[in-house]
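Each chain gets a letter, A, B, C and D, in the order it is written, and its residues are counted from 1.
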Amino acid sequence: MTTTRLESFSDGVLAVAITLLALSITVPDPVPGQSLAGALSKHWPEYVAYATSFMTIGIIWINHHAMVRRLNAVDHVILTLNLVLLLFIGLLPFTTALMAKYLNAGHGQNLAAAIYSGSYLLMSIAFSAMNRNILFRKAHLLGVDLDERERRRILTRGVTGLGPYVLAVALAPLSAYATLAICGAVAVFYALPIASGGDISTT
Amino acid sequence: MTTTRLESFSDGVLAVAITLLALSITVPDPVPGQSLAGALSKHWPEYVAYATSFMTIGIIWINHHAMVRRLNAVDHVILTLNLVLLLFIGLLPFTTALMAKYLNAGHGQNLAAAIYSGSYLLMSIAFSAMNRNILFRKAHLLGVDLDERERRRILTRGVTGLGPYVLAVALAPLSAYATLAICGAVAVFYALPIASGGDISTT
Amino acid sequence: MTTTRLESFSDGVLAVAITLLALSITVPDPVPGQSLAGALSKHWPEYVAYATSFMTIGIIWINHHAMVRRLNAVDHVILTLNLVLLLFIGLLPFTTALMAKYLNAGHGQNLAAAIYSGSYLLMSIAFSAMNRNILFRKAHLLGVDLDERERRRILTRGVTGLGPYVLAVALAPLSAYATLAICGAVAVFYALPIASGGDISTT
Amino acid sequence: MTTTRLESFSDGVLAVAITLLALSITVPDPVPGQSLAGALSKHWPEYVAYATSFMTIGIIWINHHAMVRRLNAVDHVILTLNLVLLLFIGLLPFTTALMAKYLNAGHGQNLAAAIYSGSYLLMSIAFSAMNRNILFRKAHLLGVDLDERERRRILTRGVTGLGPYVLAVALAPLSAYATLAICGAVAVFYALPIASGGDISTT
């Protein structure tokens, strides 16, 4: 199978998942005597969680493209690893809604934060597993010439990227806010121009 | 019509259906005095049904590509058979949510399991019907050279794949859990590298 | 603008709309002492409305492709007419859900049927308006050579197709069932091989 | 990265967002003794908000294509600016639903109108920021030859387009209806053939 249809299907799933995120933003029911401003501001975790997940999925999309375009063709193992990656991305609208609902709920926020950052971590692990398979097991499918050191460098960079999510999960039992802050900081960091030396393709 | 737009439209429907599956995962409302862990663990059938349907749609996507790329062009009958196939795939978010809601509901689980596995079966029958039409009625549209024996082998393999779903439907009146287990096992089996000798294209 | 991105965006909207239809199928809440079979069978209008709208959108997709591939390029008027067409297609998940909910509701079914068939009619009018603009005002953009008679024949066939929907809307005040039956019959008719001499491209 | 995958991902997000708009149209529950016509007509703001947002997203799609096809390739900054643009477009189903729900709610309509028109304004600012970056910082990526004056003209036209939205936001505290009317008028204006001399590509 060529990479074209893999990319088009993955783009579709990513585009739907990223747009479904907005469904978890509450449109408060009008309640006489209660201001809309107050009702909306109570839901601020939804806006933060939306922006964080939106940028994170967006960055995964950029990195996914950089990973796949190294290939001339894909085999069954790559397709399956890609499906597993998409499976975790497909969960993000759910875990984002969970995080947003429980951050200020008075209970359950630590578990919600662990699940939220955990879904990012699983997504990143699936990404690195797919990248590892492509770089070290599928040399015959690669369309670019990468020596051992270069391939190791790419993979290491991806695995290093897991660090903040491990930390975010580890901090979840202590503070859900810290977890959310770390996930948000990761999204902002990778969106900055300084990150463009990474997996992300610059022309 | 060339196959390009058939693929792009089908990819779109499959990508939306696979991502909508997550909408059926419940975000429990916070209830004071009730732990989130307890609320989430009660919904475990949703996670199993999600993963099973996700991988099943993913495998159908892989097989769909293998089926369509044998064609140089499509005619009205192929387009219609493809629409019927997509119609059943479009139902999966509904049947998956039904299965997940009733597995532990105390009643209705057998009917829900029959409908769930039945929707997989109908999807597979529609797939085989489309494949049969392509392989045996549309020789003039085929872009690859397949002799009678080879075509019969491809079709037989697809029809054989119906077996587990027939069994899953048949067992639904006895045990909804058995039905779910079979559907899950089929998804895992086809995701394993060993299945790649099947309809699935390896480079 | 080339037709490629018009097609890819339109395919996207059609794929999302066709897949969202399933969201209007009710997953009944488990009620102790009430059978799931009974709960599901009460919702039969949803299944009929789903299948009818699914096939209708699918046929519009086929015809849309046949219409657009006659073009080498598109201009602002074509883009706008296409947006209006998509606007009505985007309404179908709403009008389908409305029809399904009111068919057996005891009141409102005639209005719901008029809106349902009316949305099909508006969609078909928008389609014919776009086709008319392409065939008679945009000769310089056409990539195929069609004489006056041939263009008139194509447009007439499309306008003739409005007939059943006009009838379906007209019958809505008398019988919502008759309206639904006509819309369903149209979908079945165009899916049959006999209809392939129409706008639909056969290789 | 070539522009192809940027376009296909953006098309996907735009197609999903535009189609999700219809989810915010209420299918009223049947209430004995209450006419469906009355129930539907109470929801007229939803229809106006739907049509306005649909055409607005459609026009952004047209302009987005005109902007991106000037490029031969994209870099990290363009990808990030594009993500920010998509983030605001992804919010439109939410802000549209909010506007529709509060226009006649008796309270909160001014804030809802400010958020609604504000989301259009933010979307337009993100669009202009991306266009500015492309036209003035990414000369080496441009695939078309545009002199300074021409580039300034394109950007000015886009920034001028912000004017009506600034007015719509400014009027929100006075009249939510005025805000909605302006946003609707903008959508109608850009859909008219007269607007085609703008950013929109004619053949």
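General remarks:
Rule of thumb we're sticking to: a contact is a pair of C-beta atoms (placed from the backbone, for glycine too) under 8 Å apart; a residue touches a chain by one contact, two chains touch by 3 or more.
From a predicted model like this one, the values you see are computed outputs, not experimental measurements.
Interface note: chain A and chain B, two copies of one sequence, contact each other through mostly non-matching residue numbers (shared numbers fall below half of all numbers used). Its C-alpha atoms fitted onto chain D, chain A is found rotated by 90°, rounded in steps of 5. Taking the mean Cα position of each chain as its centre, D sits at the greatest distance from chain B. Computed from the mean C-alpha positions, the centre of chain B lies at a distance of 26 Å from the centre of chain C.
Here the CA centre of chain B is 36 Å from the CA centre of chain D. Residues of chain B in contact with at least two other chains: 8, 12, 15-16, 20, 23.
Residues 1, 5, 8-9, 12-13, 15-17, 20, 23-24, 73-77, 79-80, 83, 86-87, 90-91, 93-94, 97-98, 101-102, 105-108, 111-112, 115, 141 of chain D are the ones that touch chain A when the two sit in their complex.
Only residues 7-8, 11-12, 14-16, 18-23, 25, 27, 29-30, 32, 35-37, 40, 50-51, 54-55, 58-59, 61-62, 65-66, 69, 191-193, 195-196, 200-203 of chain C touch chain B when the two sit together in their complex.
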